[in-house]
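Attaching a single structure in structure tokens format; questions to follow.
In order of appearance the chains are A, B, C, D, E and F, and numbering begins at 1 in each one.
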Amino acid sequence: MVKLTYYFVREKIMAKTKTLYFGAGWFNEKQNKAYKEAMDALKLNPTVDLENSYVPLDNQYKGIRVDEHPEYLHDIEWASATYHNDLIGIKSSDIMLGVYLPEEEDVGLGMELGYALSQGKYILLVVPDEDYGKPINLMSWGVCDNVIKMSELKDFDFNRPRFNFYDGAVY
Amino acid sequence: MVKLTYYFVREKIMAKTKTLYFGAGWFNEKQNKAYKEAMDALKLNPTVDLENSYVPLDNQYKGIRVDEHPEYLHDIEWASATYHNDLIGIKSSDIMLGVYLPEEEDVGLGMELGYALSQGKYILLVVPDEDYGKPINLMSWGVCDNVIKMSELKDFDFNRPRFNFYDGAVY
Amino acid sequence: MVKLTYYFVREKIMAKTKTLYFGAGWFNEKQNKAYKEAMDALKLNPTVDLENSYVPLDNQYKGIRVDEHPEYLHDIEWASATYHNDLIGIKSSDIMLGVYLPEEEDVGLGMELGYALSQGKYILLVVPDEDYGKPINLMSWGVCDNVIKMSELKDFDFNRPRFNFYDGAVY
Amino acid sequence: MVKLTYYFVREKIMAKTKTLYFGAGWFNEKQNKAYKEAMDALKLNPTVDLENSYVPLDNQYKGIRVDEHPEYLHDIEWASATYHNDLIGIKSSDIMLGVYLPEEEDVGLGMELGYALSQGKYILLVVPDEDYGKPINLMSWGVCDNVIKMSELKDFDFNRPRFNFYDGAVY
Amino acid sequence: MVKLTYYFVREKIMAKTKTLYFGAGWFNEKQNKAYKEAMDALKLNPTVDLENSYVPLDNQYKGIRVDEHPEYLHDIEWASATYHNDLIGIKSSDIMLGVYLPEEEDVGLGMELGYALSQGKYILLVVPDEDYGKPINLMSWGVCDNVIKMSELKDFDFNRPRFNFYDGAVY
Amino acid sequence: MVKLTYYFVREKIMAKTKTLYFGAGWFNEKQNKAYKEAMDALKLNPTVDLENSYVPLDNQYKGIRVDEHPEYLHDIEWASATYHNDLIGIKSSDIMLGVYLPEEEDVGLGMELGYALSQGKYILLVVPDEDYGKPINLMSWGVCDNVIKMSELKDFDFNRPRFNFYDGAVY
């Protein structure tokens, strides 16, 4: 049993982990489905430190979501703090992850990708298997370092991030 | 008449001009309308050097538009060159202009805004008068330096760019 | 007379000008004196476009100065807009000018110098003749590209900015 | 006892740590007091790797302090190396920490904050409890990501850095 | 004659000009030949402001060239100032020009190209006609925005810089 | 034996490691010798995580080396992917290591050094003992944070990277 403990610990030490910014929308059913699938995959990925990663939905100022509290739509303090917090999420994480739906591209994710580029982050897009190959925007294509399928996310080695082209169309 | 010449020339010298990256979509009727209105306003603006500005639609690789030539949707050379050219358009222009439709936000423009931030460009969003005030994405709200109405564009002083908050909603 | 016009115009064309961010304090008599001297010198400098330069004191949000309106000391909207505007002043000007008093160094100017470095601006410090040579902070010494005397400012060629060491002490 | 070992080790593994740049003055009694308090708090903070953090006072070129060796006040080699080393301290640490005294703001710390912004570091200001709330400079207010009290430093979670506004005045 | 004057002046006003960093070696005959050819072409190019451009050879600290004064090979002050000055030349010019000899690639130019990328400069390589097409280093290939022949330099429009691939080999 | 396990594990935890970009040429015998020596030293260095470091030679697109497959010399896809991958190697590693031969300076390494500067990496040059002191290019001298001998590499503490001048000539 002592030996068992020893090996288990050793394995834990070997498994370096990376933190990431979880760029994903939550505004419709399709987005919510992809959101959940990506999150589940990350929980299984031994190279991810999910506990210290940044999830925008969990970090809105004072815990207020504008979709539930429309009275904050014109609140400069709320907007400014939430925006600033998201930038911190990107700059203080190791990886920029974008859950990307080719038919529902999002301007907010676009800006986050541009910011992540400026902060020197590895940028990975994850596309649901059924959408992989569909045309994506030229700027998203150019800014990212790799595009993988959702089913590949749980095994992606974030300790050895590498380049690859999107195996699909770009418009 | 000599005097006339002199004053005319003097006025030209005074009018310093700025170049800009013209960030605007051309994929549907509403975008095309805003595209044309913005272009018309810039032609009237004495602080803009439109001749040396960068218009993405006029600068696609080898003059090829993928919407007209879908056989280029998988062409890495075309995508790489067009993407790279657009980045040059942003980094070598003085101003980043985004023609912004709150109800048709564009991931490509989002990424361009993020890149423009990293290149230290003044970022101006222009919203059609009839849409001004409608909710815009938080990241677009935070990254821009000012948001004006389309009708204000022809008189905007690009030689004295300043900050202001969007006088509308943010989600 | 025609010829006269011609030469006059030609001279105007030759005189390219640069815009600058006017980094100077206005909180006590000594600062106000240096502020005025530097401003007077810039007006005489033919390589400076003062009209399109950025002067922080003239660009506080809604024209409100907190030293005159202490009720704004806790106003996030005012602080956020004024801060953001100053950053625009730096990133959209050609030159970062710091009016530097060795015995009254200013944390705000320090931060502006660090930001100007990141924006790739030429950083020039101007020290009143009577203070030139006195010890300045190590970080100010390192971040700037040149340090000149106030009396040299009116003749400084901003079209040909070059490096030099501060001819004084650093602590 | 085997089980005990196992749990102890597991806890150690969980406790990821961050390195930081220790931005604090040492030129008068008040500064020295805050310096010591901050250092003591960091020693207690389980999310800090103090051993591999950068403390400017311990890293001056050849171990020479100009306050003790004024003959180095005009030494370009000393100044250049010490300046360069401090920049390395910032860029190669995870966090920029500023021990901030509202009534003794420091130009050197100001520049370091601006540089840390450009390097994408999380910027945390720590203010002695008795000074917390007093007015701070606008540029320090804008550049930082959070401002906490000295008494909160030992428990601050550097693995989950987040945004907050200074709960005090800004001028 | 009045009319003549008018048109002449108008032409001058239209011809906006750009400054550039002249990245070229001067250490052997082949380099000197390309150096001179490039300089001659720039003098003929109406979109170049050569007077306010930066030529490294003309801007070494105190006018001292180490190839003529080997006693400066170990002088930290000379090296530090000359290095710093060259960086200013890049950051304060509009364009990064590299006179590029495929068979005599230069580490110094390589570093300047990398720095120019970080400063958001348009990067143009010019290759002597007789060498155009020969293999160039992968990093030089990737970092530049365009590669032209020496004979094309005098007509290159620096006011409308665009992307193109090198029409040659890369190793 | 339980105690033994405990201490061994503790030691492993203490030894934080850094990843690096291995900038070294492989085009002639001298380069290959230095390449191998540096690699051997890194394997012995307890502060290096070699497994997750980036070695360019092992990361060429599709495993193809142009020196062995000259038919790829004109392949835009190969060049673009390999270039992009190398940039990822730099931006996602902690340290930029350059194996530097004063008499065989390399333009590709030069560009990598400039890029590493922009990404805020600690830049270390390693020179074979027998070449240490020989003149190196001014831009390499200025961009690096330290220059050590090959024999010092195995003991270099990458967890505490510091500045030092090259103890040799610069031209």
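By definition in this document, a contact is a pair of C-beta atoms (placed from the backbone, for glycine too) under 8 Å apart; a residue touches a chain by one contact, two chains touch by 3 or more.
It should be emphasised that the depicted structure is a prediction, and the values quoted were computed from it without experimental measurement.
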| item | value |
| --- | --- |
| Mutual neighbours - chains that touch subunit B and subunit D alike | A, C, E, F |
| Shared chain contacts [subunit D and subunit F, defined touch] | A, E |
| Least step count from subunit C to subunit F, where 1 means the two chains touch | 2 |
| Copies subunit E and subunit F touch via same or different residues, half shared test | same |
| Inter-centroid spacing, subunit F versus subunit A (mean Cα positions, whole Å) | 30 |
| Subunit B-subunit F separation of Cα centroids, rounded to whole Å | 41 |
| Subunit B residues counted as touching two or more neighbouring chains | 2, 5, 9, 13, 76-77, 80, 84, 120, 165 |
| Listing of all chain pairs that touch each other, if any do | A-B, A-C, A-D, A-F, B-C, B-E, B-F, C-D, C-E, D-E, D-F, E-F |
| Complex contact set, residues of subunit A against subunit F | 2, 5-6, 9-10, 13, 16, 94, 120-122, 145, 159-165 |
| In the complex, subunit F residues that touch subunit A | 1-2, 5, 9, 12-13, 49, 52, 59, 77, 81, 84-85, 88, 91-92, 119-120 |
| Subunit D-touching residues of subunit E, taken from the complex the two chains share | 76-77, 80 |
| Residue ranges of subunit C in contact with subunit D within the complex | 66-67, 73-74, 76, 79-80, 82-84, 86-87, 105-118, 135, 137-143, 165, 168-171 |
